[in-house]
Structure formats: structure tokens, C-alpha cells
Amino acid sequence: MNQLTEYPGVWAQALLGTLILFFAGGAIALVLGIIVGAMRVSPIPVARAVGAVYVNWIRNTPLTLVMFFFAFCVPLLMPGRADWLVLAIWALGIYTATYVAETIRSGINTVPVGQAEAARALGLTFGQVMTLVVMPQAARSVIPPMMSVFIALLKNTTVAAGFSVVNLGNIRAEMSENGENQLVTILWVMAAFVLMVFLLAWLQRMLENKWRIAR
Amino acid sequence: MRKSRIIAGLGLTAAALLALTACNSGSPTGSPTGDATGEGEAEETWFTVAEDVTLEGSPTFDAITERGTVKIGVKEDQPGLGYLDPTTGERTGFDIDVARWIAASLGYDEDQIEYTAIPSANREQAIVNGDVDYYVGTYSINDKRKEQIAFAGPYFITGQGLLVAADNEDIAGPEDLAGKNVCSATGSTSIQRIKDEYPEATTTEFAGYSECVEQLKNGQVDAVTTDESILIGYAAQDPDNLKVVGDVFSEERYGVGLAKDDAALQEYINTMFTDGGDIWQAIFDKNLGPAGVEGEQPDVDPVM
Amino acid sequence: MTSVLYDVPGPRAILRNRILGVVTVVVVLALVGFVMYRFWVTGQFTAEKWYAFTFTRIWEQFGLATLRTLAAFGVAAVGALVLGFVLAIGRLSDHAWVRTPVMGVTEVFRAIPVLVLMILLYYGLPVIGIKMTSYWAVVIALVVYNGAVLAEVVRAGVESLPRGQREAGFAIGLRKSGVMRLILLPQAIRAMMPVIIAQLVVTLKDTALGFIITYPELLYFAKLLGSNAPLGSPLIPAALVAGTIYVALCLALSYAAYVVERRLRSSPKVGAVAGGEAGVVVGLTEAAPTTATETIAARRALSRFKRDAGGS
């Protein structure tokens, strides 16, 4: 029970690793996901096709395989040395971007077309249409599923444990090398995740209740 | 429309299967581990399968007798020590032959052996769980492991060494590891020693040494560290790209991993080792001699 | 044809779209070309790298590893479905002493990463004496996690049904269990079927996590083969073959979902409640629509999809 106090450095490092993977991977996922999402709803057929291929391909591949590719195959292909953490972040980002793209696409499609047409009829520019009319309405349908995607991302950071990235997933190995009780370690890790996920889920529920409308 | 699609599908599958039969079914030519086809027969002259073996007071032996087969834990990615050729399904290596020797002395021949490959980190678990009867796979004896399991032997002594790229001039020994990235297997004594004694080195951990060797070859890590015997096996497979450097900087004593409460089996295997010097030498010469490993049979530890 | 983001293109917009189309093609070709170039430069296309695949036994091993993946998936899928129903029914119970603990259990199981569950079962339980093979660690972890997620899916399905269904059931004299069994659950399952199958695709993908606790499934074998020096260390060919097999398996399962959904949509029993592609879309975010809002959003997106035929 006193593992946390005996090895504060190790636990802090593991938690930091998880958080770095989460935030950095999330940032890449958001940027890439918005780009791909925009591509998928664009009027350019080529962009739609490319987006569809990318999303359907990565969505049907396990995250473990994507990370395996990044950890083992990318160093083979690229000259120079890459940090394991960076490779894992890219893997997580590229994988999660597909779900972000899909969420954005379905969210935007929930806004009635009439809203956008009316806004355009008023003479608003593209930027104004987006910020004043479409995004506020889309946010209602985009943000809660997006929180689910990020909760999934937080849980997926543990997969990096198999690829030599220090995070909460492989602290068990570290602890067992020091002779500590592995069951206790794992229970603490579970508690940490439950805490973090509940935090995000509470945030999600709060946002949802704020935007709940009668239908 | 649907029927022709089904027929097309069946046709494709049949074509694929036909193509498979055209594939090789032998072992790759020029394999550096050596084709053991000729020497397979020679093994049988070293040790014969014992008959009517009884061993009192050994729960493991009782389990084996009841089951009729022996479950042995091994490594499958260490050439020269514990290696499984994926193209032929043949297991070769020093540890594998020692495992066969133990099985034969218990009265079980090759057909009654079930091998299971278990990576370094899971070895104690597997023995404690009873997934294997005993484990022979570069298993170093140390006190921490003795808390959970028992060891018979040692049957080989080596030490920790370093494997680097053939063109690497910077690393000549463990003192040069400061600031370098060293790779080893999760849960191994090698990685623990680096962390304890050479903390200026950065460590990378993977499930097995073969992954570490891959990362060494593509430049992600500077060195791989584990027992020198294992490293020599890898270097022998790819001498143009890999080399072993420096002297050994630890002593690793390989033992046979057994369940903790089984002193009878431990005693039995120790006796087998002590009395079987010729067999040991023959196994050693076949597997490790050609690669340049030196060694002689150590004395076994007394049973605790 | 207008869409939410883009107006009907005028002459300048058409030109701009064409230019953007060309730019996209160029960028994509450059990316793909770069990757292919790196493959070629590091010798991934040489016969030496693919040498391992000329052996029958290698393909047999791939087949065996795939079978082990499917074995874990099959049992886990059935278990997850059963657990999902049990938890959903518990969650919908009228009695608080059933509902609250079940809710707590479901939320906790959904919050724990699958890998941590697997590690708990494989490394943690033996500490207190419970022995477990890697197969059962993988299967039980998958059952627990996906069962919890499916429980939420089924619950959302039941709650999204028109209230009148339930009231009509009571009105004709059925008791709570009858209403659930004969009226609510069948409709909910039909409505959520695409989402349920999408979650099963996630289960299939998560069997790959077994590689980290050394369950000898497909990815484990690909790694073993890829590190094999005498065969030329075919890491990338092995990863490509494993990847293709996974994509094929998942596409087959998704196709089954699509076929089921199409048959449902034409079925008169379900009508407009079917999930449609949007359901598959939202469901595949690994946290199926957990709230009424999401389900309704999914249904709305479906009607959008029906109009934007080119949006796929």
C-alpha cells in the first residue's frame, strides 16, 4: 500500500508518461482529424475518396498493430534515431484522428442544411457561417462523442507499454523488478485510470446536460 | 449471379492452396545455425531414454507420470541456445538439448515432450502456475528468483556482455555506456544490472532479445546487453553487422527452473548433471563450440 | 447541391475546387511515393525479405495464429454479449438496490483500459494464487470490458424507444419482465444491431493486445517471424501480412454489420429507428452512443446521409 510513497519518482514518471501520450497524441489527433473530417465532407471527390480510404483502413487495424509499425518498422525506414515516446505519440495521433474525423463529420451533418443556407442567404461569409451558425449547433453533437473519443485515447495510451514507453501500463514490470507486490501495483494503476476517466466522463455529462434540448 | 461468385471464390481458394504446395517445405539453405538433420541421429547415441524411472516425493514427477508427457519451458528466439526454426519447426540449441537430456533421464523421449516458449518476464509465473514442469532457457540463478522457485544446476556459466554494431568504435565495455541507449529484455537480470551499476546509460526494454537485436541493426539503440552466450549466437548469425565487445562484467549461472517445493527433482537433476560429464561435453561441442563460446561444466549447487 | 459547409459552387469555386483536387492528388501521391521510396531504399522489396513467405510452414503458422486470434474473439464475443444483456437488464431494473451496484460496476469496468485488465488477470491474480493462462486472461478481460460497453449500448437502445411501447405493454397486462423480454429488448437489439456489431469489431481488434501479455496470436507471430535473422528479418513484410489479415477480418465483420443493417432497414418492424451508417460510425468510436443525445444525433445524421449521397 505504500508503493506510492516509496517510489514517488517512478509513479510520477509513469503518470507523466501517460499524460504526455494523452495530450500530445490528442493534439495530433485533433489537428489531423479536423483536416480529414473536412476532407470527407468537402465537395472535392478526390479528397472525399482519400479521406474515406484513410479512415476505413486505419479504423479496421488494431491500435497495437499501428504502434508495432511505428515502433519497429518506421525506424527501419527512416534514417536517424527516433525517441520511443515520439513514435508512440504519432501512432496514437494517427489512430485516434480517424475517430475524431468521423465524429466531426457526423456532428456537422446533424446541423440542418437550412441553417447554413439561411446564413449564406443573409450574406455571411464562410468564416461567419462557421463561427456564428454552424459550429455552435454542431458543438452540441460533436463535443460529447468527442469526449468519448478522448476517453478512449486515454485508455489507449496503455498500449504504448508494450513498446518501451514509460507509462502507467508498464510500471508493473518496473515494480516487479524491484520486488514489489504486482497485484498492488496493478490495483493502483486501475484506480488511477478510473479516477481520470471518471473526471473526463463527468466533464462530458456536464457538457451534455448544458446542451440538452427537448426533441 | 450469386452462384458464379461462389464458384469464383472457391476457384480462387483452390488456386491459392495449389500455390502453397509449390512452396518450399524444407529448411532454408545456408542457415548459420546448421542443419541438424544429420546430427539428429547422432544425439541418440549420447543419451538413451531411461526405463522404469521412479522418483519419490516429487510432485512434479507425479504430475508428469499422470499426464504422460513432459511440459518444458524454453526460449525460441536464441540461436545456439534455444531456437525454433519457423520454416521447419525444428528446435535446436544447447538449452533444448539439455532439456531433452533431462526428459530422457526421466524416461520420456522426444515424442512425449511438449515445448512452450516463455519470455524472460513470465518464467517464474509459468513455473508457479504449473504451466511447465521445468524451464531450461538461459535462466540465471539469483536469490530473488529463489523466493518463488527452485533451481537445479548450474549447468553453464557465462557473464553479461555487450553486442554492438560492427562499425561501432565507441563502446568497448560497460564503462563506455554513459549516455548511450542499451536494450535488453523486460524482467531480465541484465537490464537490472545496467540500471543499478551504470545509471548514466539510457535503457530500452522489449519482451525478447531478438527485438533488441533488430533495433540495434536499425540504429535505434547503441547496444544490446545480455548473457554473452546469447549475444555470440546472434553475432554468429549476422557477423557482418554485429560484434560482441568487451569482457563479461558479471557472472551468470544458468539453472533449470523448478517448482519451489520439489527438492527430490532438484536432487535428481543435479545427480544427472554430475554423473553426465561426457554428455554435457558432447552437447556443448555441438551447439556452442562452433560459434566460439568457451566453457566447461560447472559443479552443481547443493540442494537447499 | 448544398451541404452544411459548402454552398453550390459558382464558376470561381469550381475552378478552386479543381485546383484543390489536383493539389490533393499531388500531395497524396507525394506521400505514398515517399513511403514507397523508403521501402525500396531499405530493401523491403527484395526477394530476400520475402524469402520467408515461400515456405508452406510459415503460412501454416500464420493460419494457426489467425485461428488463435479468432478463438479468443469468438469466446469473448459470446461472453460479452451475454454479460452485456445481464448488466443492461440490471441497469434498467426498477429496484435501486439492483440498479445502483450494477451501474457502479459497469462504469468502473468501462473506465479501465483493456490492457490493464489483461495484465491484472495474467500477472496480478497469480500473486494471490489464482492461476490463469494467457488465453483466459485475454478472453475474460475482453468479456468484462466489452460486456460493460454493450450494456450501455443496449440500455441506450431501450431508453431510445418511444415511451408508448412500454406503456402499451403494461396496458395489455404484461409484467415488467414480459415487457422487457417481448417488447423492449427485441426492438432495442434490432435498433442497436449495427452498434453492437461495431463493438464486436473492436473486440476483434483488441485481441491484438494479447501480444503484450504473450498470447501467441497473429501479431505475436508476426513479431517473432520479423526478428528472425536467418530469414532476413522480414519485419515489414510480416507486419504487412498481419495487417492485411486483420483488415480483412474486420472488414468481413463490418460487412456482416452492413448486411444486417440493410436487412433491418427494409424490415417493416423497425422503420426509422435503424442505426444506419451513422450508427456504425458513432458506434465505432469505441464508446458506443452512451446517451440519448448521441443516439438521436446518430439518427439525425442518418437522415443527413440519406440526402448527401456523396458523403461516404
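We just call them A, B and C in the order they show up, numbering each chain from 1.
Quick note on the criterion: contacts are C-beta pairs under 8 Å (C-beta built on N, C-alpha and C of every residue); 3 or more make two chains touch, one makes a residue touch a chain.
None of the values given here were measured: they were computed from a predicted structure.
Between the chain pairs B-C and A-C, more C-beta pairs are in contact across A-C.
With centres defined by CA atoms alone, the chain at the far end from chain C is B. Chain A and chain B, compared by their mean Cα positions, are separated by 40 Å.
If each chain is reduced to the centroid of its CA atoms, chain B and chain C end up 38 Å from each other. Mean C-alpha position of chain A lies 16 Å from that of chain C. Across the assembly, chain B contributes 207, 211, 214 as residues in contact with two or more other chains. Multi-chain contact residues, meaning those touching two or more other chains, occur in chain A at positions 72, 76, 162, 176. Looking at chain C, residues 123, 212, 223, 226, 235 sit in touch with two or more other chains.
Against chain B, the residues of chain A that register as touching in their complex are 72, 75-76, 79-82, 84, 162-164, 170, 173, 176-177, 179. For chain B in complex with chain A, the touching residues are 121, 144, 181, 186-187, 191-192, 204-207, 211, 214-215, 218-220.
The touching residues of chain C, counted against chain A in their complex, run 2-7, 9, 17, 20-21, 24-25, 28, 35, 38-39, 42, 107-108, 110-116, 119-120, 123-125, 127-128, 201, 205-209, 211-212, 219, 222-223, 226, 235-236, 239, 242-243, 246-247, 250-251, 254, 278, 281-282, 284-287, 289-291, 293-294, 296-298, 300-301, 304-305, 307-308, 310-312.
Chain A contributes residues 38-48, 50, 52, 57, 59-65, 68-69, 72-73, 76-78, 99, 102-103, 105-111, 113, 115-117, 120, 130, 134, 138, 140-141, 144-145, 148-149, 151-152, 155-156, 158-159, 161-162, 168-169, 172, 176, 181-183, 185-187, 189-190, 193-194, 197-198, 201, 208, 211-212, 215 to its touches with chain C in the complex. Those residues of chain C that touch chain B in the complex are listed here as 51-52, 54-59, 61, 122-123, 126, 131-133, 212, 214, 223-231, 233, 235.
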